[in-house]
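Both of the next two complexes hold chain A, though its partner changes from chain B to chain C.
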Partner chain A sequence: MEFTVERADFLKELTLSQGVVERKTTIPILSNILLEASEDSLQMTATDLELGIRSKCSAKVKKGGSTTVPAKKLFDYVRQLEDNEIKCKATEAAGSSALQVSCGRSKVRMPGLAKENFPVLPEFPGKLAVLPPAILTQMIKRTAFAISSEESRYTLNAAMMILKPETMTMVATDGHRLAYVETDPVVAKEGYEGVGGELRVLVPKKAMTELQRLLTDNPSEGGIEFGKDDNHLFFRVGTRLLICRMLSGQFPNYEAVMPKANDKIATIEQTSLAAAVRRVSLFSDERSHAIRLHLDNDELKIVSSGSESGESEETMAISYAGGPLQIGFNWQYLLEFLAAADSEKVQMEFKDEQSAGQIRPASEEKLRYRYVVMPMRI
Partner chain B sequence: MPFDDYYGNRSTVDLLIAMMARNRLPHAILLSGPAGIGKYTLAQMLAKSVHCQDREHDFCASCRNCRLIGMADDRIAVTQIAEQERESATRKPREMPLVIQNHPDVVLLPPNGPLRLFQIEQARYLKQALTFLPSAGDKKIFILPDVERMDSAAANSLLKSLEEPPSHVLLLLTTSNDASLLPTIRSRCVSFALSELTREQIMAILEKSGPKESAKDQLLRASLARGCPGRALRLDLESHLRLRDSLMTILEAGAAANNFSLLFTEVRKIAGEKEGLENLLSVLYSLLQDILHLEARSDGEPLRNSDSPKQLLKLAQIIGVDGVKRAAAALNQVERNLRRNIPIQISLEAFAISLAPQRRMSETLELKNS
Partner chain C sequence: MWLKPARYSHVQDKSLYILVPNETYRNWYEQNFAELLDDAMRKLSLGVERIELICGEQTKTAPKQAKFDFDAPMAQFNPRYTFETFVVGRSNQFAHAAADAVARNPAKAYNPLFLYGGVGMGKTHLLQAIGQAILSNPEKKLRLAYVTTNQFLHEVINSLRYDRMISFHERYRNLDVLMVDDIQFVGGKERTQEELFHTFNALYEGQKQIVFTSDRPPKEIPDLEERLRSRFEWGLMADLQPPDLETKVAILMRKSELQSVRLPDEVALFMASKIHGNVRELEGSLTRLLAYCSLTATEITVGTAQQVLKSTLAAQERKITIESIQKVVADEFRLRVSDLMVKNNSKKIVYPRQIAMYLSRELAGASLPEIGRTFGGKHHTTVLHSIEKIKEGRLADKDLNKILHKLSGTLQ
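The block that comes next holds the complex of A and B.
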C-alpha cells in the first residue's frame, strides 16, 4: 500500500476516530485504526466493537492495500506535522507489517497489527430515513444529558429514538427526570424523510456523543441517512458512517410519566432563573442537592439550606397565578435543562408538591421539548 | 468433527451437543471439575460451534470465526499477554478490566492480577456489554473461567445478569471448586460436572500432543496427572519429581522421628523455591494415597508415584494406615494455614513433626519407669 494525502483532510478524519478507539479494555487491535487505500481514496475504520466509525478522504493512491496502526500515535503524529503533504507506505517484512509515514523532512515507521484480526464491520444496508442534521444536533443536545449512567438499569443508558412518517422523537431518562423532544411536522418539509409506520430504537449514549461530533464538523450539505439491520444502527453523514451495536431491552413506558393535569403555570425568564438557581445551589445540601421553590402571586422565591454551608434565598418576579405552592427539586436537574433549553422564557407547570413538575420552553417552533422532573420532599 | 477431539466425559459433551442442536442451550452454564480437566477447552469448543460459519453438527476449527475464537485457546498465555499490555497501557492496571475479545461476540473475562482475582471492574464491564446485541449471529458468549476466584461483592453484583440475561446472551462459567461458590450463583446456572479421565485416555492425549519423552516418563506423567489431561500436559516432570523426592524424605524423617536435621534442610529447600508451591499439597496427598494403596495391598488402581516403589514401600511400613489417617488430618491443617498466609516453612515443619509416632513418648516413659 502506498498513498499520499493532504494533511488537513487526513487529520480531520483521524480526529473523528479518536472518540471511538477503545482505551478502557485490553484488546490490542481495538486501539488500532484500519487504513484501506483503493483507487483515489483512503478509507479509515475504528471501532470498540460496540461503536464503529468509517470515513473516507481523497488520496493519491499509488498502490492499493490495507494495514492497521495505533490510532492515537498516528493522530498525535499527524497533528504535529507541518508540511501539507503526507506520504504513507506499508511495508511487509517477515510476517510483521509496518507503516512508513513521511512528510517534508519528518519520517516515521510504525509497527502495525495484522489486518485479518481487525473486526469486520457491517456495510450500510440502505437508508430507512433521512434526518436533518441541524434538527438532530439540537435533539441530542436536549436529551443526552438526561441519559442515566447507572449500570444496573441498562436500558436507561440509551436514548429512545422513535421515527414516524412525519415526526421523530427522542426520549431519555434516568428515573428521576425525563427529557422528551419531538419534531413538529413542519420539519418534514426541511428534509426529514420518515419511515412508514413506526420505528423505535435505543441509541447508546456513546453513539449520541459521537454522532454529535460528527455533525459539528460536517462538510457535506445533505441530511443524515439512517439505516438499520438486525443488530446495528447506521448513521451516514456524507462519506462518514457511524455504526452502532443495538441495545436490547425494554425502555420504560415514558408516556405514562408525562404529566397531564399540571395547571399551575409559571412563566420565567430563562437566563435570570438559571443565574438565581446557580447562586442558590452553592448553599444547598451537598448530598441531596436540594433547593426549594416557593411560588405565589407573580413571585418566585428560591431557597436552599445546607447543614454546614448556611442558607440562601433569591426572589424574582415571574408571571404566576396558580395559588401558593412549595416544591423541592435537585438543582442540577434544573440547571441541565436550562442550559439545554435555548429559549428566552421557560414555562414551569405544576400540580402539587408531590407530583412531577414539567418544564418547557415558553415558545417553540420546530421542536416540542418537554422536561419532567420528580420533586424532592424536603 | 472436532468435538471428537475432546477426550472423556462423553455423556456430558453429547448432552451439550444435543441441547445446541435443538437450540435449547441454557443461558448460563457452569462447568465444574478439577483443575486441568478441560472445562475451559469445552467452553471454547462450545463458543466455536455456536459461531462456526461452516458447521453441520459441529464446528470446523478453520473458518474465520473459529480461528478468531481459537486465538484464546491457551488461556494462561493470552491472560499473561493481556496483563502485560494492560500494564503498559495504564498506570492503574487494577482499575482496568481485563477483557480478552478476539471475536466480537466471544468475551473472555479471566481472573487476573497478582492475586488472580476476578475484578469488580470486569463485573461492571460484563453488565454493560451484555446489553449490546451480538455483532453477527444470534448469540453473544461470555466465558468466565475459575469463578471461584470472584469475591462476594463481584459475585453478588452479577446475580441479576446471571438470572435473567438478555435472550442473546450465553454465559459459560467454569470452576474447580463449585462448593465454594455462592449458592445463589450455583442455583442460577445449569451445572455440568466433568469427571476424571482414565489413565488410558490421558496416555492417548499425551501420545497425540504431549511432549516427546520416553514411554516410562509418559506413563509416570499420565499417572501423576490424576485424570486431568491439562495437568498432564502442563506438568514439569523434572521439578515435580524433585519436589516429590524431598517431600518423601521429609515424610520419612518425620515419621521415623530420627533425622530431623535432614528434615529441616529439605523443608528450607522447598520453602526457598518460588514456584510449584501450589502443587505441594497435591503431591503430598498423592504420596499418602499411594501409601494407603500399598498398605491395603490393593491391586486395582496402579500407584501414582510408580517410579519409586521401593522407597514408597519403606515409607508405608513406617507410617502405616493409622499414620496416613493422622497425616491427612494434619495436611488439612497445612492447607488451612496456607490460605491464612502462614509461611510454608513453618507449617510444613509442624506437619512433618506431627507425624512422629506418639507412642515413642509413652515408650520412653515406660522405659524410664521400669
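The block that comes next holds the complex of A and C.
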C-alpha cells in the first residue's frame, strides 16, 4: 500500500475516530485504525466492537492495500506535522507489517497489525429514513444528558428513538428524570423522511455522543441516512458512516411516568432562573445536591442549606397562581435542563411536593420538549 | 438546665440511647454524668449495659431523591387464578390457609412457603392467587416478581451471556416478594441453583417473602444442592393432595357456575366419582360436556355425560395393576415376567425387581404383603427394604430417576 494524502483532510477523519477507539482495551487491535487505500481514496475504520466509524478522504493512491496502526499515535503525530502533504507506505517484512509515514523532513515507521485480525464491520444496508441534521442535533442535545451512566439497568444507558411516518421522538431517562423530545409533524417535517409504521430503537450513549460530533463537523448538505439490520444501527452522514451495535431490551414505560394532571403552573425567565439556581447550588448539601423551591403568589424563592457551607436564598418574580408549594430538587437536574432548553421562558408544572414536576419551554416551534423530574424529599 | 433537654431515644443491643440537642451537651454529659448514669442503670437492672448519647442533629434524615416507578411488577397473572375461584377442600385446606396467610402478611407469616403437589392440584393457582392478592393492596406497593423456573434459568443464561449479572442481581435482590413456579426444574442446573441460592439469601435476610411451588417435596427433587434443599425446607411446606369426592363436586359446581350453567347434582356426582386424578382433567371434562350440550342444544344429564366423556372415562378405568407393572419393568430390562418372581439374587434380577416393587407400592398402592406374594412369596420386610432402597437411590441416581419416570409414564 502506498498513498499520498492532504494533511488537513487526513487529520479531520482521524479526529473523528478518536472518540470511538478505546484507550484501554484487552484486544490490542481495537486500539488500531484500519487504513484501506484503493483507486483515489483512503478509507479509515475504527471500532470498539460496540460502535464503529468508517470514513473516507481523497488520496493519491500509488498502490492499493491495507494495514492497521495505533489510532491515537497516528492522530497525535499527524496533528503535529507541519507540511501539507503526507506520504504513507506500508511495508511487509517477515510476517510483520509496518507503516512508514513521511511529511517534509519528518519521517516515522510505525509497527502495525495485520488487517485480517481487525473486526469486519457490516456494510450500510440501505436507508430506512432520512433525518434532518439540524433537528437531530437539537434533539440529541436535549436528551443525551439524561441518559443513565449506571450499569445496573442497561436499557437506560441508551436513548430511545422512535421513528414514525411524520415525526421523530427521542426519550432518555436515568430513573430520576426523563427528557422527551418530539418533532412537530408540520414545522419540522422539512428534510425528514420517516418510516412506514413505527420503529423503536435504542441508541447507546456513546453512539449519541459520536453522532453529535459527526453532526457538528458535517460538510455535507444532505440529510442523515438511517439504516438498520438485525444487529446494528447505521447513521450515514455524507461520506462518514457510524455503525452501532443495537441494544435489545425493554425500555421502561416512560409514558406512564409523564405527568398528566400537573395544574400548578409557573412561568419563569430561563436565564435568570439558571443564574439563581447556580448561585444557590454553591451552598447546597454536597452529597444530595438538594435545593428547595417555594412557590407562592407570583414569587419563587429558591433556598439551600448545606450543613457546613451556609444557607443561601434567592427570590424572583414569576407568574404563578397555583397556591403555596414547597418542593425539593437536585439542582443539577434543573440546570442540565435549563442549559438544553434554548427558550426565553420556561414553564414549570407541579402537582404536589411528592409528585414529579414537568418543565418545558414556554413557547415551542419545531420541537415539543418535556422534562420530567422527580422531587427530593427533604 | 443541662439535664432538661435530654430525651429517651431507643434501646438496641443492650444499649440505651439518649437524645441530646448537640455536641456540646454530649461532651458535658460524658464528662459529668457518665459514671452517675452507669451506676443508676446497674442499680435499676433493666438489662441495659451501656448508655450512648446521640446528638439531635444526626437524626435528621438526609434528603432523598425520589425515583420513577418504572418497576412495574414482573408478573403476568391469569385473572382467573384468585383466592375467590379456588375451591377449598380437605385435601388442600392447609395449603390454602398457608397461602392466604402469606398473602395477608407477606414475609411475616411463613417464609419461605413451599407448596407442592401433583400435576393439576392447583399449585400455580394458589401461587398466582397470592401474587394477585398482594398486588391488589395499593397501600403497600410491594415489588413482586412471579417467574417460572424456566424464565429464571433463561434470565441467568442471558445475563451471563451479555454480561449483565449486575442488573440481574439488582432486579431480583430488590424485590419484596419473589415467587418461583415449578422449582423442581432447577435440579441439575448448577449455576441457576447458585444464583437462586444467593438471591434467596439476600431476600431472606432482608425479610422478604419467598414462595416456591414444586411437583414434589424438596427431598425428592433430583440433583438439588443440599444448601438449597435445606433452605426450601426452612419455612413452611404445604402439600396439595388430590381432591376428595366432595371437593371435586364442589369444583365442578363452581366452574359451571362461572360459565352461568346449572350442572345437575347427579351429573356432578357422576363425573366426580368417575374421574380420578387431577383437577385439570376434571375441568377439561366439564368444558367438553358443556360445549357439547350447548352446541347440540341437549340437556345435561348423566346419560349425555356418559356418552360425551366415554373416551376419558375409559382411560380412567384402566387401572394400574401389579401385573402390568411387572410386565412393563420386565420389558424395560429385557427379562421375562417370571424372572422377577424366581428366587435369584443376581444383580441383573434384583434391581429390576426392586424397581417393580417400588412402582407397585407407589402407583398401584398395593400393600407390602400383597407385593411380596405376587413377587414369588417374599417377606413383607424384604419388600419394604427394596422400596426404601429405590426411594433413596432415586434421589442420588439420575439414571434411576429417569428410568422411573419413563416407566411410570408408560404405565399411566
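We take it that the second predicted complex is superposed on the first by the 375 of 378 C-alpha atoms of A that agree within 3 Å, B and C clash if a C-alpha of one lies under 4 Å from a C-alpha of the other, contacts with A are read in each partner's own complex, and residues count from 1 in each chain.
One rule holds for everything that comes next: a residue touches a chain if its C-beta (ideal position, glycine included) is under 8 Å from a C-beta of that chain, and two chains touch if they have at least 3 such contacts.
Here the structure is a predicted model, which is why all the values come from computation and not from measurement.
Asks: Would you mind checking whether chain B and chain C clash or fit side by side on chain A after the superposition?
Replies: Here chain B and chain C cannot both sit on chain A without a clash.
Asks: Once chain A of both complexes is superposed, is A:S288 in touch with chain B (first), chain C (second), both, or neither?
Replies: In the superposition, A:S288 touches chain C alone.
Asks: In the overlay, answer first, second, both or neither for which of chain B and chain C A:N157 touches.
Replies: Touch partner of A:N157: chain B, not chain C.
Asks: Under the stated touch criterion, which partner chain does A:R245 make contact with: chain B (first), chain C (second), both, or neither?
Replies: first
Asks: Tell me which partner A:N117 touches in the superposition: chain B (first), chain C (second), both or neither.
Replies: In the superposition, A:N117 touches chain B alone.
Asks: So, A:I27: does it touch chain B (first), chain C (second), both, or neither?
Replies: first
Asks: Once the structures are superposed on A, label A:L49 by its partner contacts, choosing first (chain B), second (chain C), both or neither.
Replies: A:L49 sits against chain B, while chain C stays out of touch.
Asks: Taking the superposition as given, does A:G196 touch the first partner, chain B, the second, chain C, both, or neither?
Replies: neither
Asks: Using the superposition on chain A described above, determine whether A:H176 touches chain B (first), chain C (second), both, or neither.
Replies: The second partner, chain C, only.
Asks: Pick one for A:G222: touches chain B only (first), chain C only (second), both, or neither.
Replies: neither
Asks: Of the residues on chain A, which ones does chain B touch that chain C also touches?
Replies: 151-152, 154
Asks: Can you check the complex and tell me which residues of chain A touch chain B?
Replies: Listed in rising order, the residues are 23-28, 31, 49-50, 117, 119-120, 122, 151-152, 154-155, 157, 204, 230-232, 245-249.
Asks: Which positions of chain C touch chain A when the two form their complex?
Replies: Going through chain C, the ones touching chain A are 62-70, 72, 164, 166-167, 170.
Asks: Residue numbers of chain A touching chain C in their complex, please.
Replies: Chain A residues touching chain C: 151-154, 173, 175-176, 178, 252-253, 256-257, 285, 287-288, 290, 328, 330, 354, 356, 372, 374-378.
Asks: Name, in rising order, each residue of chain B that touches chain A in their complex.
Replies: Touching chain A: residues 68, 71, 82-83, 85-86, 89, 96-102, 104, 124-125, 127-136, 160, 166-168 of chain B.
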